[in-house]
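In what follows, structures are represented as structure tokens.
What follows is chain A paired twice: with chain B in the first complex and chain C in the second.
For the complex of A and B:
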């Protein structure tokens, strides 16, 4: 097998926020009864943490569990671990109703780094992305301009955007365009100085 | 003449001269000027021609309400028509041209319309151009459109960029005058997220011009201190040059920020459209002064009294050296004082009030002549004011005396800017004492919780004096902050607006003016509507203000009647003998002033206009001359023309390559939906018309999906992956909506069924290897799957590796040839494609596009969703009864297909069509029958759904839906062509190639 080709070939744009493709990352869609303690136990065994709260992501070392909907999680782990993780989920869940599928190649992951990353995202998403509404550890499913996306707030200066693979270049273009130097939004722009 | 004064001008910097051109003529101004103040400083009083009569027009106002001062700014990719000179900040190198004149502003041929004006009354177009009907479209409208209109649309692409920005705040304050500042400060002190925006380049509004004193300091000092205080608060966002454009449901507020209009070499977006969600919105939008309706009130040099004052105080510019003030209120007296203070002459204050006002004596004490109970009978002058004729307000306009002057400052009172309050349902109340509509606080716009989400402040509430306005602003800030935190009990404790400077309403000046004078009293300057037009409309039976607006076009220009609406409806109500509140206002709609198309589009232009979906193999197609076809947001190769080939040549070559050798198709766009669970089989049986629960693991089955109404909506091959797991292939366009369709049924109807679905479309690349040599190629790549005919028969699948890549191989065919569809992880898609091309080089492996795919399937009589179906076709129409289970109790669409109309033997059904001359039938052509239907249209008995040239059969082939088609084999049909001729085709079997299916089963 060749090395997997990522959707953006590690593209990078240095604007007032840095936009760069992250990954490849292993991803598993897991649907099931999130209230079932057995599912939580299974996750502890496979990934190292249980079911996150609504709208939250749990990061444990190289692994992340994201809450995607009331019956869906997204597990992120190194790609090499995915087959093993799927096998372990299947054996631990047994006959319990669930769906686990490898979706490592279905999405692009784009990393935003810089203090103004929330501002860049706010040019494209109607969601409230302020630190108060979306503190680090939040995963926010929303849209960026015309396509669906999820934003994982990793820390004050870092967020990861997940979008479908086919629109990776569109989303990368959107983010780069929004982060163009000269388009910064200053909180008090022009307040004291009309020449600004 | 208008002039720059030797001193004064709080906003200009006389050390920084700026050059600009108007109609190609070089002029100059100072940093801080608006284009209007710079034009006036250069004695450019005539700035444009009016819309209908081409009357000479000059600047009337000093702000967003300006109706006359419109120019086309810039050129080329930066040309923009209809820009208001009063809101355009001057910059070095600015170029602008006047509009609506030919050949020049000073000598305009269209001005003949003015002479003919009595033949162009209200409703003229409706009366004149009704007959004959066809003339409107072909004669009248083109001529009228060419003669009327303001600026011309720019040509070529816009050179600038634009963006949107979403913001979420607790309190948004629109308007950065002293009231907005006070409201924002009060709200911000509670720690809430506050955004304050001001449409001009300066904070504080008109308070400094009016010389207001606030908290014991001058307005300028108070404004600077308040802004400094707000800047320090981390919870406050401040925007200048940012207009609150519209208020919508759920606290949605649109704001339009102009970042680059005043900076010619600006880097970054020119405009930014703020899409704000606010818990509460404070509109501190001020008030607009009303003109007075006297004859020739549109001559350049007649201005609003407040504007005359603004130009003097802010820019050191006088509209004239002898300014007559005409008013019905006290406020205009301040203009007279400002003119005097600037060392200029005020020949008279003409006060329509019989007794004058509180300031009349002050004026007289300053030596100004004050004429009370008087009016202007007529303004003298053509392209500029030369004087006014004085008369009694209560008379018919008989002139008593002519007073020479060079400018007229008029004031008919003030109207609160209620636009944003009204956008989302806020109601107004007529304030008799102040003679204006103001917001009715008991009927505020309400949000989803039924609670008010807009509160007005200051002059926008009707509080016109500085003290009352500031108190109201403070209250608004407190109320908004409380409501934003869920407390809806806090109410205003300020007294009702103070009617201290109440005007005496004057709607027509003089009161009993005759026809000749009323026909020269302009209400709407931009659309050329006069008092006589509104009165004529009333006479002709127009009672509703909304109808009158459309009939006379009052308030329908780019300024949306900011100066004309109240005066117009007052004249209408008088003509109808009704009270003003009975007549009411027209609807206020966003945006407050026009916003740029670029700002609305935001980033969506060029490469970012629409998302373009790319398969993992997209770049190869692009590099190999793919002729693209849009399929939803995807681009798929239609074919790959080689040098010297036409599109048709390429398609034919690709088809034959598949039939004779081997072809390669990127099928990655097909939908792939996983369905899993204990109830998955039951669910699949409901989704598809045929039986899916009994499909064996390892096998595939073609299936149909119908809507609840029985119509065929999607098709594709289903593979049983395991005991409880099915993989559904959908059409390219169906991937998302079929997934949504499945989820809808699971979530709303069968919520207790244990089934999960996952849309895996984007995880896989899928490549079809098709043709007699397909197996050979695959085997040469090396695989642990036995690809032999018996080991992997038609309609089965296997998992394994191919060329070292983990894969799932499906033996399915949409072409009638030996065919394998190979699914691999998307990240391996390009690698597999390259390996296949390499392996097939010797055998002439040929990538083919969607058109070859279509021809191949049509030769085999396979239907295509979207060609043979259009939302009105059921599977039975397509002779697909074999794919409709008779054993199942139910499936989606089953009941609907039993309706009488669905079982009608007269339905049009699928057949093949072959032309007698071998030509290709036109797509969509109808088979005609003798006679006409009830609508006088030709009777029809069928239509073409798919039609191609078949390179395999070397003639045209087609499929179509024909009345009782399958029973009419061999019959001839006549198909009408658009050129009026017809082509004849014989009804035949839709399978044109390999009827026995030998080719795909090898």
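For the complex of A and C:
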């Protein structure tokens, strides 16, 4: 089997926040009735946790479940697990109304690392990205400049940006420019001024 | 700047994260309706100075539609509410009346 090629070929930019493409990641879009206990049970069997609370992302080892909308979840897992996960979802859900699709090749994931990552993101989005509004463990769907993106806040020093593969290069360019040394703002609440 | 809280995902979304859907609570007049009803449905819209009901879609977010009641003069947002209703709910009307007692006159 051929190796998966990531949209940015592991591009990396070392600014005052480090911007780097995350390695190949398996992603499954799962749509259905999130209130259905059967769906939650299925998820437990497939990925190790149930439906996360609204706006939350649940990390279980190598896997993550993100709440994307009232009828949509994003499951992230090692790429090699995707076919198996899809087969398990299909057999557990049977005739119940749902949709599960492998979107691994339709998305890009870019990792931000550094204390000022919220400041870098805030240059590009109208959203309130303060720790109070988006604490670690939340996922915020918003726009970065002209394109939609989702920001997964993993911890004080790390966030993952998800976007469509077709705009991966654009988003990487935006983030790199916003993280250029010398362009620090030091104003965003909770952004973490490295000089303090 | 207009910020609307999407009732579907709970996010306080900036206007630029949303797509406008125009006037809310239109009644559709389709095949079989008379010309003036059809014209009204297709082309004629309110343009009030004050309270207005609108449809919005959280395009750069959860992707869902919702309704908003706001003042076109001050941009005060009275409420956002579910898209699955053909008229504003009573609690939304009450909230508007509390802020604009004579809005329906």
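The definition used in the following text is that the second predicted complex is superposed on the first by the 186 of 196 C-alpha atoms of A that agree within 3 Å, B and C clash if a C-alpha of one lies under 4 Å from a C-alpha of the other, contacts with A are read in each partner's own complex, and residues count from 1 in each chain.
As a working rule, contacts are C-beta pairs under 8 Å (C-beta built on N, C-alpha and C of every residue); 3 or more make two chains touch, one makes a residue touch a chain.
Keep in mind the model is a prediction, meaning the values are calculated, not measured.
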item	value
Partner chain(s) touched by A:87 [first = chain B, second = chain C, both, neither]	neither
Which of chain B and chain C A:35 touches, first, second, both or neither	neither
Which superposed partner A:143 touches (first chain B, second chain C, both, neither)	second
Contacts of A:98 with chain B and chain C, given as first, second, both or neither	first
Partner chain in contact with A:60 - chain B first, chain C second, else both or neither	neither
Contacts of A:126 with chain B and chain C, given as first, second, both or neither	both
On chain A, the residue positions that both chain B and chain C contact, one per complex	126-128, 133
Of all residues in chain A, those that touch chain C in their complex	54-55, 68-70, 72, 126-128, 133, 140-143, 148
Parts of chain A lying in touch with chain B, wherever the complex brings them together	1-2, 4-7, 24, 29, 31-32, 71, 97-99, 101-107, 119, 122-128, 130, 133, 145-147, 164-170, 173-174, 177-178, 180-185, 187-192, 194
Residues of chain B defined as touching chain A within the complex	161, 163-168, 193, 201-203, 227-228, 230-231, 236-241, 266-269, 272, 275, 277, 602-604, 607-608, 610-616, 633-634, 674, 676-678, 754, 756-758, 760-764, 801, 804-806, 825-831
List of chain C residues in touch with chain A within their complex	8-14, 16-17, 59-64
